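Below, subunit A partners subunit B and then partners subunit C, in two separate complexes.
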Partner chain A sequence: MNQPSIPMRAPAAVLAAAGIAITLYLWLFLHAESQLSVAILLAVALAAVVAGRRLGATRRLEAAGMSRPGLARLWAAAGTLALIAAFYDTHFALLMICTVLLYTTACLGLTLQFGFSGVANFAGAAFFGIGSYATAVLAAHSGLPHLLIIVIAGVISALVGSLLIAPVLRTRGHYAALVTIAFGILFKTFIEVNDVLGGPQGLQVPGMRLFGYALNDGFTVFGADVSFYVSYALLSLGICGGVFAVVKALERSWVGLAMDVVRTDETAAATFGLHIARWKVVAFMLGNFFAGIAGSVYGMVTGFVAPNNFTFSDSLLMLSIVILGGLGNAVGLVPAAIIVLVLPEKLQFIQEYRFLFYAALVIAILLFRPAGLMPRKTRLFFAGEASR
Partner chain B sequence: MSVIAQYVFNGLMLGMIYAMVAVGFTLFFGVLDVIKFSHGDTLMVGAFAGLAASTGVLMLGIDTPWIQLLAVVACAVSVTGLLGAGIAKFLILPLRKAPPLNTLLATLMLGTVMRECVRLFYPDGSNPKPFPRLLPSASIELGSLSLRADNLILLATGIAIIVGVHLLITRTRFGMAIRAVAQDGETARLMGIDFEAVVLFTFALGSAMAALAGVMNGLYYNEINFNVGLLLGVIGFAAAILGGLGNIYGAILGGFLFAALQVIGSATLPALIPDIPSAYKDVFAFAVVIVLMAFKPTGLIAEKSSERV
Partner chain C sequence: MSSVNDTGVMVEVRGLTMRFGGLTALDSLDMRIREGEILGLLGPNGSGKTTFFNVLTGLYKASGGSIRYRGEEVIGKSPQEIYRGGVARTFQRSRLSLPLTVFDNIVIGDYQHMRHGLGFNLFRRKAFRAEYDAYVDKVKGLLEIFSPPLVARLFEPVETFTMIDRRRIEVCRALMSQPRLLLLDEPSAGMTHDETHELMNDILDVRGKLKSLSVVLIEHEMNVIERITDRCVVLNYGKKIAEGTYAQITADPDVQTAYLGEEAA
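Moving on to the complex of A and B:
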């Protein structure tokens, strides 16, 4: 495979050190209770990032990650497993981990649509919600195995999204944004007034049963009671990891290349023989499929689904995660999701002001660092080239 | 007969408010190619500013409705004018080089900031507040029809404002400057037009129109609520796009069209499907908007644009 010729000393050691440090930090962060400790941890993170840039440590970490991608993913998975094990009896921390993983999965779908193919989707939360509602109905009224239900929920999400294909393909820019915004509002209003699907109160979602074992029962390991969220967290980690691998593989392949060209310049793409409509449709449907799967599992984790969870603001939240992490960079989604989803829960003293704070933060980032936290690197075509 | 007239009148009022918001969107897009999504929340801030003014005037002991009305309008227009110009100077102009969806997201977040500020910092902001009845409540009888004087005044005022803005844009020198900047900013600068002044004034003008729409909304429903801006903003945006961005007539057309869709939806859907809740009118209206976008991707009065290949 292509090996960049940046002198790289022991990438495995660099990755190991980074993996352990980040896992330790996240453990402290999820564990922190008092406002002072949260503030201290945030200051430490900021200082570490600034120092890392100065000392070139971030560049070495990125180079290590690129030279050994498999090892980097293994460390990420191991770190998450360690966190899940460390919080084995804390419901809230595990719920946070599940939420971050599932929203990352949905945002991977949005990245596929917006970051790779340039199709703006302002109704991400609606497709998330379609997955949850499909699961609620199928799990309660049919005897299908739950793993199949998750896949079917994703397919239903993609099929409902296909209603929007004609307007999405024919419109550009702001007009395209309107189509998905209108659909998001339409979906929420439709669900709210529709008593068949529970109306404003929503529906209950039965817990997941996997091979006869109900995930909603806790289990005991070596005599200690383990929270039932652990099973859901493991499932979410599996799904997130799988979708991440698929999206990264797509990005490296000719499919990702075609999507990037379609996003960058449609006229040039057409002159090179790329079928623009096909790639946009593939990205849109696949992205909605991932959002549907994530919504399906999220419904089972929280146990119920209501139209108030899938408003326009929630779609904006997902788009903020995508842009904050660096448009098109799948790895940047995780820190962005942690900032957007976990930080407001931890900063309890600003509970009332949290939307205000979070909106002001996004405006500041868009004004001063519009490329996001981890801007997407250019594609490497030739060995020996450094990615910019 | 009077039921139909009631529906028609309601539709005209709604259409007026949507048209005023849509004209704002279209003005901003025309001048800077930017969608300022906080426009709906600017409307809400204008309404609250008017409410604050009327409470202030009452506290000063002045009881005449006309003076209250004057104070409400003056306060709403000046506060939102300044707010609009400030937003343009500190948020929109610096983001001119950014991809358009970044500006869209930034203004959406700004709308959230404005909504949360009003909810948190206005006394008892999270509950709907009654808007004072400042217009004469007489009603005129025309056979079996009964028209309320305050609705007629609101309708007439709305038409006057839209006609006034149209005259400003087409018959004055300043309007010509606005149209020049909308057509080609750089060439306008070469011709000696102060680009930044024109942009700031256009934003102030659009925001003042939104404030007037907010005050009219408050006077019509006799109540305002911090949440009213989001849906009105989306509907105004939909109306502006339906009519074709950058075209004032299109925005007005789009506003009345959307109101007509909502009224048709609320009138005919219960007749076709019994027991259907009236909130389906929004579903119907947005669904028709999506279908129309599929057939006319750049709006009803389409932009003529060509790509150089």
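Moving on to the complex of A and C:
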């Protein structure tokens, strides 16, 4: 705290310690079922956050992450793999991991739209849903390889979203947001009244097949039965990691710069030759593509899609993850998604009060951290540039 | 129009009119901007100076008249096309992207030459790095001229800088595009006398290096106008009331009325 500049000691060791500690904590958290253990874990998290800030550990971790981004990603991936391995036979924990990874993927898309280009999309769940429905239909009625279906589902989501481009570009701020809200409601209603797509009852989604192997079959390793969710969790991790890498690469490129300038000052952007519409369209299409592929895999994970999974409140949930994590910060999405998606499940024992508790927690977080859990950092195109 | 092709005329403005509802901000304005000159644009507040910049850069569409820039009609073109034609500007109220770094804000001035395709930016990181490194050197080079202390703070967000530094950054952003025509909207507002002096010296320096660069300067400080402009145009209520060298316009009775009248009021 007293030192203005952080002495950069052994970033690798800092990252290793943080990686192991966070993985262990999440392992305990996903295990916790009793009121007491959940309460203790929440208290530990609060104490760790406060102590981390007091002792400068948080800043040291941030600095370590900035100086060795590749290593930080490796630890994140390794930690997630360790969790998947630890819960190899626990369906529910694996489903939670899949959900967090896939929602994070969709929210990466929303970050590109809202955080980078300033286009608030209040229909995230609709584009997620378009991916799920496209997968349900394509997997049931075509012989296309399932990996290709995931990509096609994303493309369909982006193409359906392109219907909104004209009204979104013609309006700004709140008005553009209203256009997306209307679309989200339109999507849900359309699905509900459409008998071909199953109406309110929804559709079955066939399980995924990869190179002749059916993911839903599950498998055994050294004689132990492994949950079929393990395969889906690995797939979700791969997709989430890939989308994360793309979004980060875009942020640290002229594309990210152009989007930031368009968001912060359209007049200045136009004066220096930036095509406002082009960048908003790129962000909007790409973001919906990511939401679509996340929805595609999510549909296969749950095996079932219905209109009620893709309501306006689900869109709000996604947007709240984006804002809670720190608008524009891809890394912040992960803790935010865990708080928004896993915490209510862990609070089952207080029944409906869990939503009250969870809502109060979100308000408390934003009260103490108005820019989100991890506010977006100033862009550096390459690690270590500031010290050059 | 034969006059358009006159050597030495960069911008030819004829009968330019800009109305906002009942208000006429520019009223059949005729003027010229010559190659390589520094033209002072003067006038009391609300006389249409900034409106002229906004029309010339394509932000407003004129209600009537024409602006020919290097022989081509400007009215009807988008701000992006006009920028690519070599016109760059600063804004009266600073328009920088505050959360972005000094580097980000300046480098965007050269957007037209950046390779901003998705494929290049995503998949050719090595080539991107090379282009990026070249830009870092170029931005540093510009800052060395305008504000050497800013070089050390190249990667700090603009919101941490004073207004004066922000204006310098805006001038650098405009120059980054290597414009033919540079429009400066009150660059010295809020600066002390010495700071203004320094900034104007830097602008003269840059003009000395780029012989064909024309500069239009909106400015209120008369000693600045006297020192650096080759010629002046004075506006009042959207009309040109005088044109000539500093000595000529200050001797003009209409100009004296416009200014003294305002001060007396």
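One rule holds for everything that comes next: the second predicted complex is superposed on the first by the 356 of 388 C-alpha atoms of A that agree within 3 Å, B and C clash if a C-alpha of one lies under 4 Å from a C-alpha of the other, contacts with A are read in each partner's own complex, and residues count from 1 in each chain.
FYI, a residue touches a chain if its C-beta (ideal position, glycine included) is under 8 Å from a C-beta of that chain, and two chains touch if they have at least 3 such contacts.
Here the structure is a predicted model, which is why all the values come from computation and not from measurement.
Of the two partner chains placed by superposition, only subunit C is touched by A:T378; subunit B is not.
In the superposition on chain A, A:V282 makes contact with subunit C only, while subunit B stays out of contact range. When the two complexes are overlaid on their common chain A, residue A:L250 makes contact with subunit C while staying clear of subunit B.
The partner of subunit A that touches more of its residues, comparing subunit B with subunit C, is B.
Looking at the shared chain after the overlay, A:N308 reaches neither subunit B nor subunit C.
Once chain A of one complex is fitted onto chain A of the other, the partner contacts of A:E352 are limited to subunit B, with no touch recorded for subunit C.
In the superposition on chain A, A:T267 contacts both subunit B and subunit C.
Counting contacts as defined above, subunit A residues 267 meet subunit B in one complex and subunit C in the other. Against subunit B, the residues of subunit A that register as touching in their complex are 120, 164, 166-167, 170-175, 177-179, 181-183, 185-186, 189-190, 192-193, 267, 312-313, 316, 319-320, 323, 352-353, 355-356, 359-360, 362-363, 366-367, 370. Those residues of subunit A that touch subunit C in the shared complex are 246, 249-250, 253-255, 257-258, 260-261, 264-265, 267-275, 282, 376, 378-382, 385-386.
Interface of subunit B with subunit A (complex): residues 29, 35, 91, 94-95, 98, 100-102, 104-106, 108-110, 112-113, 116-117, 120, 230-231, 234, 237-238, 241, 245, 277, 279-280, 282-283, 286-287, 289-291, 293-294, 297-299, 307, 309.
The touching residues of subunit C, when paired with subunit A in their complex, are 57-59, 78-80, 83-84, 88-89, 91, 95-101, 104, 107-109, 111-112, 114-116, 118, 121-122, 125, 128-129, 132, 155-157, 173, 177.
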